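Chain naming follows the written order as A, B, C, D and E, and within any one chain the residues start at number 1.
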Amino acid sequence: MNFPHAELTPNAEQASDHGAAELAQRSVRVRASDVSVFYGAKQALFDVSVDIPDRAVTAFIGPSGCGKSTFLRCINRMNDTIEGARVGGKIELDGEDIYDPSLDVVELRARVGMVFQKPNPFPKSIFENVAYGPRIHGLIRTKADAEEVVVSSLRKAGLFNEVKDRLHEPGTGLSGGQQQRLCIARAIAVGPEVILMDEPCSALDPIATAIIEELIDELRENYTIIIVTHSMQQAARVSQKTAFFHLGNLVEEGPTDKIFTNPEDKRTQDYITGRFG
Amino acid sequence: MNTLIITALILAFLGIAYQTGSSRSRALAGTSGRRLHSRPSYHGSAIAIWTLVPLLLVLGAWALLDSYVIRTFITWYLPESLVAEGGNALRASIARVEALATGYGVVGEVQEFERTAAQAVGRFQTTAFLIVVAAATTLAALGLFYARKRITPQFRARNEVEGAVRLLLLACSVVAILTTFGIVASLLTEAMRFFSFVNPLDFFFGTVWNPRFSTTGAGGGGEYGLIPLLWGTIQITIIAILTAVPIGLMAAVYLSQYAKPRVRSVVKPLIEVLAGIPTIVYGFFALVTVGPFLASFGDAIGVDIRATSALTAGIVMGVMIIPFISSLSDDIIRQVPTAMRDGSLGLGATKSETIRRVILPAALPGIVGAILLAVSRAIGETMIVVLAAGNSPVLRFNPFEPTSTITVSIVNQLTGDSDFAGPQSLVAFALGLTLFVLTLVLNVGALYIVRRFREQYD
Amino acid sequence: MANLDSTTTASAGTAVTAEERRQRVKKSLGARHRKERLFHGLGITAVVLALGFVGILFYDVLQRGLPAFQQAQVTVDVYFDPEIIELGERPVQAAGQSPADYRAALNAWLRDAALANWNLVLETSIRNIVPEFQGSAREIAAIIDSSQRFVIRDAFTNDPSLLGQTREFALLASANADNWLKGTIDRSLPDARQQLSADARALADDLLERGEIRFAFASHLFTNVDSRSAPASAGLAGAFMGSLYMMLIVIVLAVPIGVASAVYLEEFAPKNRLTDVIEITINNLAAVPSIVFGLLGAAVFINYFRLPLSAPLVGGLVLTLMTLPTIIIATRSSLRAVPPSLRQAALGLGASRTQMVFHHVLPITYPGILTAAIIGVAQALGETAPLLLIGMNAFVANIPSSPMDQASALPVQIYLWQGNENRNFFEARTSAAIIVLLGLMLSLNAIAIFLRSRLEKRK
Amino acid sequence: QSRDTIQIAGSSTVLPFASIVAEEFSAAFPDFGTPVVGSGGSSGGLRQFCEGVGENTIDIANSSRRIRAGEVEACNTAGVEDIREIQIGYDGIVFATSVDQGDFALEPQHVFMAIAAQVPQDGEMVANPYTNWSEIDASLPDQAIALAIPASNHGTREVFEERVVLPGCEAAELPEMSEEEMEAACLAFRQDVVVEIAGDYTETLARLQSNPATVGVFGLSFYDQNRDTLKVATVSGVEPSLETIASGDYPVSRPLFFYVKGEHIGVIPGIEEYVQFFLSDQMAGAGGALEAAGMIPAPAEETAAVLEAFEGGEALTVESLGAE
Amino acid sequence: MNFPHAELTPNAEQASDHGAAELAQRSVRVRASDVSVFYGAKQALFDVSVDIPDRAVTAFIGPSGCGKSTFLRCINRMNDTIEGARVGGKIELDGEDIYDPSLDVVELRARVGMVFQKPNPFPKSIFENVAYGPRIHGLIRTKADAEEVVVSSLRKAGLFNEVKDRLHEPGTGLSGGQQQRLCIARAIAVGPEVILMDEPCSALDPIATAIIEELIDELRENYTIIIVTHSMQQAARVSQKTAFFHLGNLVEEGPTDKIFTNPEDKRTQDYITGRFG
């Protein structure tokens, strides 16, 4: 049986425009060196080192349980919230060690936003959902400020036109895809430098997924984006750099087109050809 | 007046401190161009904390010492003979002076020394108040300036305020520990005194409870065997559990697995009403309704059931704890993953088979935890047993006969006519302590079981 | 693979073939469905039983207590006879008089007023209605509640101009007369076993017939305080206020402290020994018999902190300690129900833990916290035993005007009334007090349900 | 501002009388607040009384028994030294059955024979064989033996033992034994027919209603108010009434007391007046309000002596108690 | 960018052995005609008609939320357990209408077993987990019976050797893959004719997944198997027939190799080439 993938993947084609050469030009935004993570006694991540380029989409792929989410959560220290999780190694954001005790984790999270697998809007109005972040970070003072931020964030997330008439209705009343875009708008509103997305489309239908993917493609003009996905197609469609994880190890990383066309490691090859996962 | 001034002082400082903090931080942010680490409101709150804590400390200290200081002051003005004599007369004249000083006036002739004392006290009070206010103000201002100096854009005011909030929350949760300490402390000394009268072995292993009313006065007399009371407690608890567990559990099963959501939303709060009914009402219900009913029921079937008996108390107590078991179990059963239920149904099990063989076993540790909580509640219950169990602290195994429990004996010995300095009433403290340890053991057990249960799902 | 296949098919086949298996399943079905119906039936039975208990309890209490809301009242024109009431002018505060001296003078006058023969005033007024009555003063006094003389006295001291005037009063009949008229005491019993003499009984019947005695709603049950000397005038106002104050204190203290501890334990506390100790302690406190809290309250609040005896303040504090564990446990369970995704969303946006809790977790937990508060307050409201040791199981003849005043409480009142020797009368009163208590409890619940639905709607 | 109402606690037997006095007191003395009368038993009352001196302690403890030497000691160590004892009258204790039962003319001996665990028979102590009152004495009704007596936390129990059981025991002529054994034998009750009531008389009454054959022990005032359902028994041929008890003809009664904290007199307003009012003729005297409520007044001269001792500041000491 | 799938999918090769011709020979075990499902007012499935061949593996694929699980659960009436779910149309098992009121759903479920996405062993011993089904259905009477059924079922599920020493230890103590095989053994023990599997491997690691897939391949000799999967590769590897769902509609069904090499519908094509999902 033949998979006709190659012939039918225009997005992949497009993605390959950003080749290795282009990636190399970009500065490194996040640099992880020898990151290990333990949950209690169990080691979930083994000495992962990777550079995340600025203003590009980096995808983490790998079979379930391989540590993609774990690694992602290290980057804005969401692992701190998990009882018993310990992180070793070093992660730098713009050259600053984010595990430095003098660093304020709240500030870090303002700079490194996060979008989760399941859309999780607050049970508040759409407006409040978006205004919340800027407000706690002291970015807005007046009502006009707030309005401006909310509108521009919703616009960037491609949601404004759909919700402009019901900004003060609860965000939980939106459809799944809209909710996820709301979450992205919420993350953008804080003005982060890096946006982490953990399987942002896995709870969405294909149409909503397509919209979000398009959005990610636009956002990368201004943000550094890291996305975890279980769908290789998605990784191929949206990312410029891909890192493949397996059993807690970073097996291979590199420009997306290289990983998908010419993987070096046997495991990567097996995985992307569908031999497992 | 004074309270007005103090309230105004506190409010003024609160306002000033907060305003200072927030505007200064804002200004700094403007001039230095650096982004503030914390929002101005946090800076404001941080300063407010630094200002109000010393202020309140001073005022609190004065509130504690105030009356003592004034009284000491008054004695300086009283005739020495009176002071030397002390006691009642002194206290009475101090009270008169205070009444005069407040302008309330006293009945009868006002003596000269009283008048001068009252005037002096009036002046002293004003001065003292001014001094206190001045001290409080100074300290508060110092706090304010110190805190203000610390403001920089990088200053982590939020972390500091949150630290204070956390401390406050921690303090609240320590109340429970303090209460426990308080209980143990207030029971222990008196219990020790009891054990100086009665050998602990006789207490813990004695099988006769008869703290006789000693006609000859204090001390001696009577036997203080814990066993009959312990047995009574256990017996009633068992009956209560036998009543409550089947009904509560089946109700929980029905509500969580069979009932339509609407039925559930009506029935559940109705059953919970049972938990809110005062125990004394249950006591009455047992005494005047359930007891006689059981007695005549016993007559009808040829069993001798006393109106007030372990059975009566146990059943009514069981009714009381039904909602504990049904509500908690309902929640626990609903926590059993639906995957488990689907697994069984998918194999072709009927609903009841699924419940009996899969859901209940899976929820069992949690249900046991709920039952243990209900048991401790039953053990600690007093009023129902006082009225319904018949107060017969005799080691008997027939549940149709009256019995008594530890809690009832605590109430009886503490509130009866017996000698409060003698073992007859001190025994209540020993009983209280025993009960405390008993429930502690139960709860440690419950916690252990609940822990194990939680580990099972994830 | 083929190898494995054949062996397994064989082993499955040894027991039963597919058809045979289907038959066996079919055969077992009847019994299984019967069991299913039985189980379902048991579930319904349990629910019906539980609801039945609620129903019986309510029926029982209502049935006993409702008669107490009616009370016999005698309508009398009272003539304030100057011959009997020999009193001077009511003193007024002179200029320059010390307040203490004025009070002394006023009190002297009031004491004189108290010592006037008000019973005689009443007696003559009754005799005016039934001139043919020949019985003694004792008999007349026996059918009017003894507190009623204070009613007319107070009317007079408040308005001394009544002297020489006549005014109509609706006076309470005595408890014994009320019993007799309501038939709560067997009317056929011989004289020796009646609480009222034959003359008094005849007088009561006569007055009823003339319409001078009517049964009216016993509003004094809600406005009067307890009374021993005049049972018919005993009311719940004092106990009600006492309970209300204690409830307020519990709400003001136990709810915030309880919620704060729950929040700390659930959201902030590191999982360590201390947290374990706190957790066990809290669970254990939930089981400590309430009277032990009374011991604690007496030792700590009264002996150590020197707070006043019999004060709702102390009662409230003791009940606060007692209900804390309940509130903490219930609040924690509703905090646990908050989805982790909400917490992550807040943290991921850069909210601190405190902000996460106060901005997101607590607002959606309000309904749960409300439930917790209601459970706790309801428990406090119904508690008797701990009040025993802090002087609150007392006969208090005042309506407390602040939480520092001496007061009783509703459950205490119930306890005192049920032990009252005037059983025929107080049996109904006790139940009436229970109805009031249950009413308070249910309205509390109703408010909670109302608020909860409002809060839930807002979400 | 110091406390301005008198705070009282203690015996639930004295509670109704004290409450009545408190109410009348506040009516007669408008300048004093109504005293607060707590219950909690004599023991609980005295415990609070002896906590020490000060506003947060009670002023007066009601007691249905005399204070004990040990309690006075405890009081003294807590600083309460000026304890004034006031005896206010007597509480009559009666035996009663449900009204539809037979007439009882009890002798102490009957009660003992009905209640004792072991009774003498031919000079030997044997397990109590009686199941019916008429087996003890033909004059008693032919009715199963059942008794509801106060539990040992009740002061009434002491009176019951002292005035009924012990005399009955003596009359029953137990075989020769040591004094200690004798007391033990006299006061060992059988458990099958005896119910001990720890609560109040309403509970005893409930017991009678559930088992109509029961003979219960009540206070005179309680019986008086419940004559429609209760029938009283004579003891040694005397029917209990105010007169027979006051005259001492009816044997089963006990004195009632309250104790005043001398240290509080003059500090808490109205204590003196309260005591005087309590002992006045219109309250505790013959024909007074308390008699109507069921208390048996003490003879006038006794009351006068008590009042004199109180006003004279005569404080109770351990020695004065021991002397009796 | 080229996907080298075709060259690297030996399993797919093997799967294509069971071609259209072979499938046509098999009798129809389950026949669905115009099945619609409503959850409350929301319609989740629209007139689905499909035939399930005997002793073969049929795969349901489609993007998330398209109604695969819903349809699967119709086949053994597990939808009955969902509040507010209504099923229209007709489903026949061996020609018998399973929604006939006179049919006993308990009996039906004994004939149509189910394995779920997340392994859900009962909190009992391994032995009891397997013996549970036969016991409630009255299929075993003696201890020896039970032992025989348990051993043979565990053998068939390929688990026996791994657990034979700890049959009386809790089933929850096994690894994810072992638990899933335990669930399969549990389903087999009742002697079903049809086995439904709803994403049985989605919670498993690649190695466990491979073992289960092998097992499915063996089981199809004796059972009619329907499997829901979100992995097209998996469908290609294990199934002989594939049905593609989209937004509650059955878009296309047919022999697996046909669907993957020569889909008729544009949506199918888009989906399997990774254009969405």
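Criterion: a residue touches a chain if its C-beta (ideal position, glycine included) is under 8 Å from a C-beta of that chain, and two chains touch if they have at least 3 such contacts.
On a predicted model such as this, the values are computed, not experimentally measured, just so you know.
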Chains in simultaneous contact with subunit C and subunit D: B
Graph distance between subunit A and subunit D, where chains that touch are linked: 2
Under the document's definition of touching, what chains do subunit B and subunit D have as common neighbours? C
Suppose chain centres are the mean of their C-alpha atoms. Which chain sits farthest from subunit B? E
Core chain by centroid distance, with centroids computed from Cα atoms only: B
Cα-centroid distance, subunit A relative to subunit E, in whole angstrom: 33
Chain-centre distance (mean CA atoms) for subunit B and subunit E, in whole Å, is 56
Go ahead and note the Å separation of the Cα centroids belonging to subunit B and subunit C. 19
Quick check: how many Å separate the C-alpha centres of subunit D and subunit E? 83
Could you list which residues of subunit C touch at least two other chains? 25, 32-33, 104, 298, 352, 388-389, 418
Interface hub residues of subunit B, defined as touching at least two other chains: 158-159, 348, 350, 353, 414-415
Subunit A touches at least 2 other chains through residues 106-107, 136-137
Interchain contacts, given as pairs of chains that touch: A-B, A-C, A-E, B-C, B-D, B-E, C-D, C-E
In the complex formed with subunit D, which residues of subunit C make contact? 103-104, 107, 110-111, 114-115, 150, 153, 185-186, 189, 192-195, 227-230, 298, 302-303, 306-310, 388-389, 391-398, 406, 416, 418-424
So in the complex, the part of subunit E that touches subunit C is made up of which residues? 104, 106-107, 110-111, 136-140, 145, 148-149, 151-152, 155-156, 191, 193, 218, 221-222
Which residues of subunit C touch subunit B in their complex? 25, 32-33, 35-36, 38-40, 42-47, 49-51, 53-54, 56-57, 60-61, 98-101, 104, 256-258, 260-265, 268-269, 276-293, 295-296, 298-300, 321, 324-325, 328, 333, 352-354, 374-375, 378-379, 381-385, 388-389, 411, 414-415, 418, 430, 434, 437-438, 441-442, 445, 449
Touching subunit E in the complex: which residues of subunit C? 1, 4-5, 7-9, 11-12, 14-16, 18, 21-22, 24-29, 32-33
Going by the contact rule set out above, which residues of subunit B touch subunit D in the complex? 87-89, 91-92, 95, 210-213, 215, 217-219, 222, 287-288, 291-292, 295, 306-308, 386-387, 390-392, 394, 396, 402, 404, 408, 412-422, 424-425
